[in-house]
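Starting off with a structure, shown below.
All chains are identified by letter, namely A, B and C, in their written order; residue positions are counted from 1 within each chain.
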Amino acid sequence: MKLIWKALVAATVMATASHAESLKMAVTTSFYNSGLSDVLLPEIKNDLDLDVELIVVGTGQALYLGQAGDVDAILVHARAAEDAFLAAGYGTHRREIMYNDFILIGPSSDPAQIAGSQTTVEALQSIARTMAPFVSRGDDSGTNKKELALWAEAGITPMGGWYRAAGSGMGATLNTASGMNAYVVSDRASWLNFGNKGDLALLYAGDPALFNQYAFIPVNPARWPHVKNDLAMQLEGWLTSEKAETLINSYTLGGEQLFTFNATR
Amino acid sequence: MAQGFLDAWALVFSFDVDLYEIIFLSLRVTISAVIIAALIGLPLGAWLAVNRFYLRRYVIAVLNALMGLPPVVVGLFVYMLLSRSGPLGGFGLLFSPGAMIIAQVIIITPLIASLSHQTIRDLWAEYHDLLISMNTTRAQRIMALLWDGRRALLTATLAGLGRAIGEVGAIMIVGGNIEHSTRVLTTAIALETGKGNFAFAMGLGLVLIALAIIINLMIHMIGKTERAGTW
Amino acid sequence: MVSILPLKLTAATAHMRGKRLVGPVDFTLGSGGMTLVIGPNGAGKTTLLRLMHGLQRCSGGALIWAVPDVEARQSQAFVFQAPIMMRRRVIDSLAYPLRLRGMAKRAARGRAQECAQRFGLEDLLSSWAPMLSGGEKQKLSLARALIVEPEVLFLDEPCANLDGSATREIEAILLAAKAAGTRIVMSTHDMGQAKRLADDVIFMHKGLMHETGVAAEFFATPLTPEARAFIKGDIVE
């Protein structure tokens, strides 16, 4: 008995390896799932000797973590919420980094015939008219907010048995859509990286209304003195550098470019 | 399923450093939490069995109810406690293994305390007259009951270990599933499931199950339980 | 060492859930010898022993040792009708009362070994106590009670569940303990055992000490009709 306890205690007490400087950044699931961070983080570590620790959550939770001072910076994509965040003084400023786009996914048989639509609005109206099953994130994330904004633009209040709010992240929502063979709005990266496509297919994309702007916001040190604002500023400098531009624009998945760098210097 | 087994097999023998890091952190967090929870829960269970006091029945009822505490609620509670905007924010513990250990201790202490209380209560009924007759102090009684009930208490502790090692809801919230920092097996499984990588997630799941079985077997072997002629 | 005796009971009474089990009892337990508590089932034999030992609280009257209770408790031991076996090996069961008194582990185990030899338990030292036979368990209980050399030893029908040879062994041990100066108070429902062992007798009936006295006189000329009937082997209610 004594022996077990000793062994257990020994295993427990072992400390974590010491770190270079580290910074906590809340990012959205869509950004993380794209795999872009796997390319960027090692380069950041190289150039700045900075460990960026990613907390992967929905935009709503990311903003809340910034508001509570639990992260040093956030990288999100929900313009209205970002503006409110800044207006309340939780962040110092907002810097646009890059954009990707949303796409409409659905059963390959396309029962609502959205593949040939002229606009996103027209596609959504077709889905609502035919009451084809549609799965929404329903989690107050950036993607969810975007989807709701598009419905509003189409003049439709989505409700009824055909409209299902999953209340989950992008991956879980795609899993649900795959299981129900339903339509769903996804960011392109999550879709390309998704391993359980089943009968789903990309049906509609390319409308500028579907563009998805990512912005970097450092948490306000005037509000939370412990946040590492200097490191956040270093990171911002790197993310808007020419090196970042090259890495972001040249990142492809399945032969497709995912992100377009558009920071102003 | 078959693909999951193949993936698990390939995973373990790939000697992938990241995987071992994740396994090691899972063990470190869970085992620390179990040790702390046992140090609190076992004496608490024994104390409740041996003492008669006014609110005893209510304390036990609450303890039993807390056994079924939803981990997500614990996670939220610990998050609000440790958040920079919370009362213990100054320690900067959020999104660290320490926060995960705290959440797990809260989840499994009631389980260990309640199970050990039931064990000790039965043993105390048996020992009561003898220990009173021997003029034991309260602390001596608790010590004797904990020691003589150690086999059953080990099982109670292992139940806590089982709950802790498979827990995901709370540690996801307070740990943040940060790569190389707070990612453990369960949160990695949730992540891979989210990416639709079911076979890989299943592989990790099988590693988790294997780990739980190995720990249990090891402890039973060292503790010499489940053998004829002993308790 | 100062004797904890005599023990004085003054109108001592014991209740359980509002029901009177024993008392009021006036009695003085002096030093020396072996007192047997006899009487029909439900007469209060067990409760009387538990009352004297402090396992049962006085609901009325008083029970006073010659020394303060805290000291008196240190010099008594109790053997139960159904042996209570700790989940330990025999040697550790025997060492336990010594360990409680602060003796070091090695010394306590040494004493336990000597004690086991005296009681014929030496071959069982490493056996698990709960696995012993009924007779061995009761011998272990007795050894565990006597290892701390108590001045007063209470026994509640220790031989009730034992066969003849085990009973004989227990009785031999008790006589040896008495010879060594231990004051023994023991209940039994076995009239033969009472006649073999008793120096004094307490005859319990309906929770009261119906008759007390020197054993030889009690068995020869019982004073009350109930005691007469009991000794004769009639049913006493």
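Definition applied: a contact is a pair of C-beta atoms (placed from the backbone, for glycine too) under 8 Å apart; a residue touches a chain by one contact, two chains touch by 3 or more.
These figures come from a predicted structure and were not determined experimentally.
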item	value
Pairwise touch network: line, ring, star, complete, or other	line
Inter-chain pair with the most contacting C-beta pairs	A-B
Identity of the most central chain, Cα criterion	B
Length of the line joining the C-alpha centres of chain A and chain C, rounded to whole Å	79
Whole-Å gap between the CA centroids of chain B and chain C	46
Whole-Å gap between the CA centroids of chain A and chain B	33
Contacting residues of chain B [partner chain A, same complex]	27-28, 31-32, 35, 83-86, 89, 92, 94-95, 97, 150, 176-181, 191, 193-199, 219, 222-223
Touching residues (chain side chain C, partner chain B) in the complex	53, 55, 73-74, 77-78, 80, 84, 86-88, 96-97, 100, 128, 131
Complex interface listing, chain A residues touching chain B	1, 3-5, 8-9, 11-12, 14, 16, 24, 29, 33, 51, 53-56, 67-70, 169-172, 174-175, 178, 193-197, 224, 226
Chain B to chain C touching residues, read off their complex	123, 126-127, 129-130, 132-136, 140, 144, 148-149, 229-231
